[in-house]
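First chain A sits with chain B, and in the next complex the same chain sits with chain C.
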Partner chain A sequence: MAPMANATSTDQVRKFAAEQFADEPNWLRARRNRLVEVYLAAPLPVRQRTPLKSRKLDQIPIATVPGASDLPNDVQNLYQVANLITVNGQTMHIHVPPAWRDQGVILLSMKQAVNVAPQLLEEYLGTVVNDDVDKFQALNGALWQNGIFLYVPARVTLDHPITVAHFGSSNVSNVLPRSLLVLDQEARATIIEQYLSEPGPERSLWAIATEIVLKDGAQLQYGAMQQLAATAESFVRRGAQVGRDAHIYWNLGEFGSSLSIAEHTSLLEAPGGQSDSTTVFFGSGTQHQDYVSVAKHVAPHTTSRMVARGVMKDDSRSVFTGVTEIKKGAVGTDGRQKEKILMLSDTARADAIPSLLIEESDVFAAHAASAGPVDAAAIFYLMSRGLSEAEAIRMVVHGFLATAIDAIPVDVLRQNVWNAVERKIAE
Partner chain B sequence: MATPVLEIKDLHVSIDGTPIINGLTLSVKGGEVHAIMGPNGTGKTSLAQTLMGHPHYTVTSGQVLLDGQDVLAMRTDQRARAGLFLAMQYPSEISGVTTANFLRTAINSLRAAQEEKPITLKEFRDRLDEAMRFLEMDLQFANRYLNEGFSGGEKKRNEILQMLMLRPRIAVLDEIDSGLDIDAVKVVAKGVHSLVGPEFGALVITHYQRILAYLKPDVVHIMMDGRIVKSGDKSLAEELETKGYDWVRSEFIHEV
Partner chain C sequence: MATDRQSLVSEEYQYGFNDGDIGVLKFNRGLSRGTVEEISRIKKEPKWMLDFRLHALDVFFKKPMPRWGGNLDTLNFDDIIYYVKPSENQGRTWDEVPQAIKDTFERLGIPEAERKFLAGVSAQYESEVVYHSIRKDLQEKGIIFTDTDSALRDYPEILREYFGTIIPPEDNKFAALNSAVWSGGSFVYIPKGVHCDVPLQAYFRINSQNMGQFERTLIIAEEGSFGHYVEGCTAPIYSSESLHSAVVEIIVKDDARMRYTTVQNWAPNVYNLVTKRAVAYKNATMEWVDGNIGSKLTMKYPSVYLLGEGARGMVLSIAVAGKAQHQDTGAKMIHAARNTTSTIVSKSISQHGGKTTYRGLVHFAQGADNSKSNVKCDTLIMDDLSTSDTIPYSEVADSNVEMEHEATVTKVSEEQLFYLTSRGLSEEEATRLIVMGFIEPFTRELPMEFAVEMNRLIKFEMEGAIG
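Let's turn to the complex of A and B:
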């Protein structure tokens, strides 16, 4: 008997790539074609505690042309605030403040960037995230559809946050967002990427990548909110290359998607570089979440702070692996991580795994990780003041997340994260 | 509202199968202050926690009624909504939740149960300021996380603050005076006194005569081995302080 066929044949993928991107410059087409082969040959990503084989991800069709759609009513208000909205990988809306344009800021959809800023694209695309690393990363590298392209010239500070929304409709089988953010010397910006989708009759596969390049002294507040539907399976990889005295802030909210495999890395390759990373996640139902956060200290006097706060309810499952890697020669490095997980049910499972890989002795590195149930005494205490059990749990969850969420310096994002938490608690 | 009556009738309680309270009978009415004194491990905290419905304690027999209603059939939050309050011997610390936010939520839960509108922010602020000033508390405490990093004495004062804000009908105060300096004892006693009246009664668990000098209890109960062995007026507390529990044992316990 023949083995169960993939939903999409090898030839279909090759043909799709050749046709779909025929108008793109040669270097990009060559890059895509090479990565198509990597995708076809590469094994599934390996995550020790997350078996992927049994999920039969090859049953989800890829290389399909997504149909047109619009935002659902409840997120129509994004049109007022978003700088870029993509729906099924197509640009629906783009807004660039004229003042920014006058300052030399280049803000484009990635689709536009292919034609409008090909030199910059060629210079940076794939330099931070390694597209060869696994199957779904290669899929994104080969067939990425759209995303935000940002270049901020030296010493320019953007006066308000950039908001990007990636939306997938119910009939789309794969969405492959890709963004590239380059901040020149001492430039400053804030950006928030949101991922939203409608639940569909079939599963959808999301492979997401964002690359960030910070030149010397640049600072970026990067925020992301993942609220994909329960029919989505998502693979996310983000990387920031951090220049001398530059500073990356990660504020990541992970709430949606049935499977969520995500990794973000700060490459501290020049002295004085800093990384501050906060991940807030909330699992419910049968969600399976596997996060990796990496601070890679290559240069001396680099600093990293890594914080993760997770809440798990129902039968959800999470793994959070924090990796602080300190290379030989990175003297005077300071890397700290703290992971804390609150378990709201006996049937949920969570692992917090701090890992310190240290090759240099003249450094400071510390980690703390814990996972535990809600304090029954605290619930009794709150109920003795008249709060129902549900209100008491809600209050404890709020308190648990408050220090992480309230530290998010971008108002809209902080509010979004709180709203998402409320929805998850009420689910 | 009518004068509250809390009646405890022949209450038997055990923890994990071990009997802790063995036939305790007591009743407290609005306008009254009762004190319970007794040696360590005699079941005072167990009584208090049982009254509030702590899941650890199993009532094996007996009754607890508030205004004739079966308290033991109520969940902990329902007991609070019926007007019971417990100032705990060891209050929990709730990280990330400010005292003010917690109190407002609690007041609104109680109001919702009475089908009243939520308290306005202004009214809440005014009442909170007033109560904190009355208890000589630094107003900053309202913005600190509930009990987190509070000293022992600050936690006790915070329990009384909650009592003033929530206005219960019957309050059980479990060692509210332990670890307090003499000024703080006076403040706490002042707090309790400010509520005592036809609509409020208190059951005060203590080891010390000194808070009773301020509270002037109507009745003092001595509890040993899970039951009340002697009740009297406030002179009983004074006598106990000089003579000790051995006196109680030899005078009032006649085991066969």
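Let's turn to the complex of A and C:
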């Protein structure tokens, strides 16, 4: 039997890239065209524990422009607070506080950055995340639509969090957000990216990329909330290049999407760099979640902390791979991982692979991982105090996630994560 | 500097002598259908075994080389000699063993150890077991301890019932290779309710250059029985590689307990690619005590399939990797029944540019309710040339289980060193003391004579002395 034709032909992809980005500068168009070919030539990525072939991802049309759609209330409400909202890859709203502008902060949509800040864009785009690494990363690199571009000048501290929302409507087939955040020396900022979508009649493909550059002494609180609809299939790659004494905080909440594959890497390439990473995931239904968290220690005296907490319900499946890599010469490095999984169902499955790859002796590296059920004694106790079983389980789940979620330093994000947890428990 | 004071694995290998070419029959290099047929013919095997071997050979040719773990690029299957017969007959008394081979084992201290504390001894030289003995009183209790070739002749029913059922040739490329060309190894059968209180020991020695040793061990512990099997391995040093690829299958029936202890000290030019697996039934206990000090590359992950309710599995291992060595070792625990428990304790030391990898799996199948697993991996990196990877896989497909895993990678603590040297110990003594303490959970579990030997070995290697 002949294989079914891809939903989108190679010619369509090439034509789309040529037309859509015709007004972009030559270097960017050349870059996109090169990555179009990488995308077309690359096979599906191989995930050891998450089969992709059977999902027939090539049946989802790409290189399409969706029609207009009404915004749901959730997103309209975001207009009050969000600095940037994209809908189906188009910028719908952007707000830059005048005080920031006066401080020299450049906050743009990526599309705007192409014209307004081309030098910065050209200098950093694709330097943190390697767009050639696999098919869906190349797809993002080739056809990325929009996202946030942020440059914070040296020694500037943003006084409140930047919030970004990426929304996909029910009729969209592919969304490819891309963000680039550059914090100059000793700059400080907090940013939250949210991904939301409406369930549609057809599946949608999300390929998401975020690149972060922290110069010496800079600090970034990066938060992300993925709450895509069950008809979405998402691939996410994030990277942070961490300068001398700089500090990246990752706070990632992974809740939505039918297939959710995400990877984030802290590259600690200068002395004193630090990475703190917290991932909270909650699987339900038939969700497949496959997460990779990497702390790569290249320079001496760098520190990483990696925490993951997962709750598994129904027939969901998850894989969490933590990688603490300490390269030769990274003396005095301290890298630690902690992974905990709470199993709520006998038909769920959770795999954890907390690996340590060490090439240096003068270091400390450790990991701890555990998985277990809801403590029957705790449930019994709570029920004996008059709670229903469902309420008791809810409280235990809360207790399990609290140490991770309550440590999220940004109020809005913390509340968002708790709300998502509540929805998942109630599902 | 760390490198100056710490010298845990010497570049000198004390068992590196060879006996010259003393075999009575030696195959040409390389592997073909003919090689397999010839081995089977010499051994006068029944047809089912020849068919098993030929099928396994097909599987071996079909399976690709593993691309994970250690580097197998320089392993050339065409360079290996697949069968060497060292003597005409197997000795029942020590006097019957050819002088040259006897001298070798005398140097390795085998007969002395037998007189002292062993229940039975088997000594394999190249492809065949050259000496075999078992204490009479144990034999009278019905314990069978013989080499696997003899078992195929003398106990064909038992052998055929279990052989290849725990590790089929399809399991992996090296299990397939062993299944095709296996020779020697031990067959142990402990009848229902019988306790074999003293260890049975097997000793494996490779002598020829480019030798491939493929012993096949099968152990059956009937209901309520107990046994302890100990193996040791050495080989001479040659400039080209030898291959040791064993298969060990163990069946531990209801309420039985089996312990399998390995002190692997192959020469640093031996590829040690071994598949070891046990199944444990209701309330049975399987324990692997696994020490890996020698070899160029070891890839070995002793596993226990916990198939019966209440079964217990334990792996206690140490790995020491010195110059140009890679110890890619670990353990697998498959929880497939209710109330099963497992413990893995792994201690790794890498130095002089050596590499240790802990690679392990804990799997909870659906229905393994109320099962528990605890895994602890600790690594000491002695100098800045050496590396270590820790890659534990855990798979949980049942809600009512508990899995805990902990691992650390550190160097020898400056504080401990400072304390000990302040009490008058030299830095070398202090380091040795810390390392001994680090591996103590392992040596504690060895039979006393082995523990003494182990301590001597480690001490000797730390000093970098010549034995």
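The rule we apply is simple: the second predicted complex is superposed on the first by the 423 of 427 C-alpha atoms of A that agree within 3 Å, B and C clash if a C-alpha of one lies under 4 Å from a C-alpha of the other, contacts with A are read in each partner's own complex, and residues count from 1 in each chain.
By our rule, a contact is a pair of C-beta atoms (placed from the backbone, for glycine too) under 8 Å apart; a residue touches a chain by one contact, two chains touch by 3 or more.
Because the structure is a prediction, the values reported are computed rather than measured.
Within the superposed three-chain model, A:H398 lies in touch with chain B and out of touch with chain C [touch as defined at top]. Residue contacts after overlaying the shared chain place A:T347 against chain C, while chain B stays out of touching range.
Looking at the shared chain after the overlay, A:A378 reaches chain B, while chain C stays out of its contact range. In the superposition on chain A, contact of A:I358 is made with chain C only, not with chain B. Once the two structures are superposed, chain B and chain C can be ranked by residues of chain A touched, with C on top. Touch criterion not met for A:L52: it reaches neither chain B nor chain C.
Contacts of A:A17 after superposition: neither chain B nor chain C is touched. By the touch rule above, chain B contacts chain A in their complex via residues 52-55, 75-77, 79-81, 85-86, 88, 91-97, 102, 105-106, 109-110, 113, 145, 162, 166. Those residues of chain C that touch chain A in the complex are listed here as 2, 366-367, 379, 381-384, 386-411. Those residues of chain A lying in contact with chain C across their complex are 312, 328, 331, 341, 343-374.
For chain A in complex with chain B, the touching residues are 375-378, 380-389, 391-392, 395-396, 398-403.
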